[in-house]
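Both complexes below contain chain A, partnered by chain B and then by chain C.
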Partner chain A sequence: MEIFQIIGLGIVATIIIVILKQTRPEFAVLVSIVTGVIIFTLILPHLAYIIDTISSLSSRVNVDFSYFGTLIKIIGMAYIVEFASQVSRDAGQESIAMKIELGGKVLIMVLAIPILLALLDLIIKILP
Partner chain B sequence: MVSIIKEFLSDWIRNLVILLIIISMVDIVMSKGKMKRYVNFVVGLLIIFTIINPFLNLFKINMSLEKEVSNFDYDRFYRESLAEQDMQIRKIYLNNISNEIKKLIEEKTQYVVDNIEIKTSPDKENIFTIEEIFISLKEGEEIQNSKIKVDKITIGNGVTPVYAKSDPEVNKLLQEFLQIEEIKIHVSIFNEGDKHGRVN
Partner chain C sequence: MDIDLIFKIAGIGILTSILHTVLQKSGKEEYAYLTTLVGIVIVLGIVVNLVSQLFTDVKVLFRLY
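Showing the complex of A and B:
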């Protein structure tokens, strides 16, 4: 059961960090970052399974639902950005975290703009 | 007819239901963070598209979002909007300058402006310069009335060449106003009879 791995890792890491914080606070940050990365890699295959399910569901619809590719890309980007910004925040670098989020927001908007414009075009065409 | 409507509705509802299931899955999978708002925005766009998609067939619009999105070219979009902007600027510019000329001529001379044609070319800084300007004028009411009207005169085989008068005063006025060389200004003055052939 992978959930036990994740829980165990999390609890052990928390204890280590609590102990280290009193003696060597600089290592506490490192432990927290490494724990985050390990947990993220542990859940990645399962995340892939969920994404596969979503795309197989979308292929059941007979309208062209391949724009789900864009949606899935955006979700993935949001995940990575969130993860990276949290790592920075853990290390106390609030400003770097904000900048990572800014980059994520801008790139997500760039992906969304073609959909937005196509939709706008469509609505204008439908209106008499 | 009933079966068509039934099919249409069942298709539509199936699409919406599957989309909503997918969206609720996405919602659960997405962690609660600042990025969620942006994902929700795109999801909202997709919901709108799914809702109006069946009506496309109704309006006989052949459009696929997929094709539009995959063919989307930012550079082309940018160029097109720039070109449209240029066109509009040119239109407004020509309109304004025609109005000014009309006002000037009708105030300072006794002629009435019939038609103004302006040829422009964009220069390096994208400001328009006047290449040539064609103005046709009609003689105003007062002159028309004071003149002795001559009916159409036909000489020879009935084909009379059309001459247009020009008035150096108008040319000079325009030259001063527009600040361009006189050679670019073409003014022709007609009077009412011109529609049938020139009477001089």
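Showing the complex of A and C:
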């Protein structure tokens, strides 16, 4: 099962990082980045399966497909921003983590604005 | 994506730190820092490839073109 692989990997990597932290802290950060990437690559096919199912569902219900695409973009961007900010937070750089998150929030906001406008138009149309 | 990459990087890390202490004790300070730098550059090369692979996967998966 995938989950045992992920858990085993996480624990082994944590132990290795503890070992490396005393002598060479820079390698600890690199090992944590590599572990994050490997765990994400393990769950990649399942994530793709989920996204395909949802997109086929939404196209069947003929919901406007472009909003779903934006939603997926926002989720992907949120994941990457979280990944990067956690890495820099692990390394002890709190301020860099905050900057990364700020940039991520602004870009996600830019993506979300068209949806907001469409919502407002809808509401205006509904109001008498 | 192979799991033993973590052990490879951990091995390089431990090897570099041992080399660093050995060289330091033997009085060759500058070589110690040089070997640490070389170790870090090697591991950084591996990690950069891995992270760029991750970014392309995310870009394809989440249609973030």
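The rule is short, and it goes like this: the second predicted complex is superposed on the first by the 124 of 128 C-alpha atoms of A that agree within 3 Å, B and C clash if a C-alpha of one lies under 4 Å from a C-alpha of the other, contacts with A are read in each partner's own complex, and residues count from 1 in each chain.
By our rule, a residue touches a chain if its C-beta (ideal position, glycine included) is under 8 Å from a C-beta of that chain, and two chains touch if they have at least 3 such contacts.
Predicted, not measured: the structure shown is a model, and the values here were computed from it.
Visitor: Of the partners chain B and chain C, which touch A:Leu20 in the superposed model: first, second, both, neither?
Guide: After superposition on chain A, A:Leu20 lies in contact with chain C alone.
Visitor: Figure out whether A:Lys125 sits in contact with chain B (first) or chain C (second), or with both, or with neither.
Guide: first
Visitor: Quick one: is A:Pro114 in contact with chain B, with chain C, with both, or with neither? Answer first, second, both or neither.
Guide: In the superposition, A:Pro114 contacts chain B only.
Visitor: For A:Leu102 in the superposed arrangement: first (chain B), second (chain C), both or neither?
Guide: neither
Visitor: So in the superposed three-chain picture, is A:Ile7 touching just chain B, just chain C, both, or none of them (first/second/both/neither)?
Guide: In the superposition, A:Ile7 touches no partner, neither chain B nor chain C.
Visitor: Between chain B and chain C, whom does A:Ile43 touch in the aligned arrangement: first, second, both, or neither?
Guide: neither
Visitor: Using the superposition on chain A described above, determine whether A:Tyr67 touches chain B (first), chain C (second), both, or neither.
Guide: First partner only.
Visitor: If we overlay the two complexes on their shared chain A, which of chain B and chain C does A:Val34 touch? Say first, second, both or neither.
Guide: Second partner only, chain C.
Visitor: May I ask you to decide whether A:Ile75 touches chain B, chain C, both, or neither, giving the answer as first, second, both or neither?
Guide: It touches chain B and chain C both.
Visitor: Show me the chain A residues, by the header's touch rule, that chain B contacts in one structure and chain C contacts in the other.
Guide: Residues 47, 75, 77, 79 of chain A touch both chain B and chain C.
Visitor: For chain A, which residues are in contact with chain C within the complex?
Guide: 5, 9, 12-13, 16, 19-20, 23-24, 26-28, 30-31, 33-35, 37-38, 40-42, 44, 47-48, 51, 69, 72-73, 75-77, 79-80
Visitor: Name, in rising order, each residue of chain B that touches chain A in their complex.
Guide: Going by the criterion above, the answer is residues 11, 14-15, 18-19, 21-22, 25-26, 29-31, 33-36, 38-39, 41-43, 45-46, 48-50, 52-53, 55-56, 59, 61, 63-66, 68-69, 72, 77.
Visitor: Provide the residue numbers of chain A that touch chain B in the complex, in ascending order.
Guide: Spelled out, the residues of chain A in touch with chain B are 47, 50, 53-54, 57-58, 60-64, 66-68, 70-71, 74-75, 77-79, 81-82, 101, 104-105, 108-109, 111-119, 121-123, 125-126.
Visitor: What part of chain C is in contact with chain A in the complex they form?
Guide: Contacts found on chain C: 1, 3, 5-7, 9-10, 12-14, 16-17, 20-21, 36, 39-40, 43-44, 46-47, 50-51, 53-55, 57-59, 61-64.
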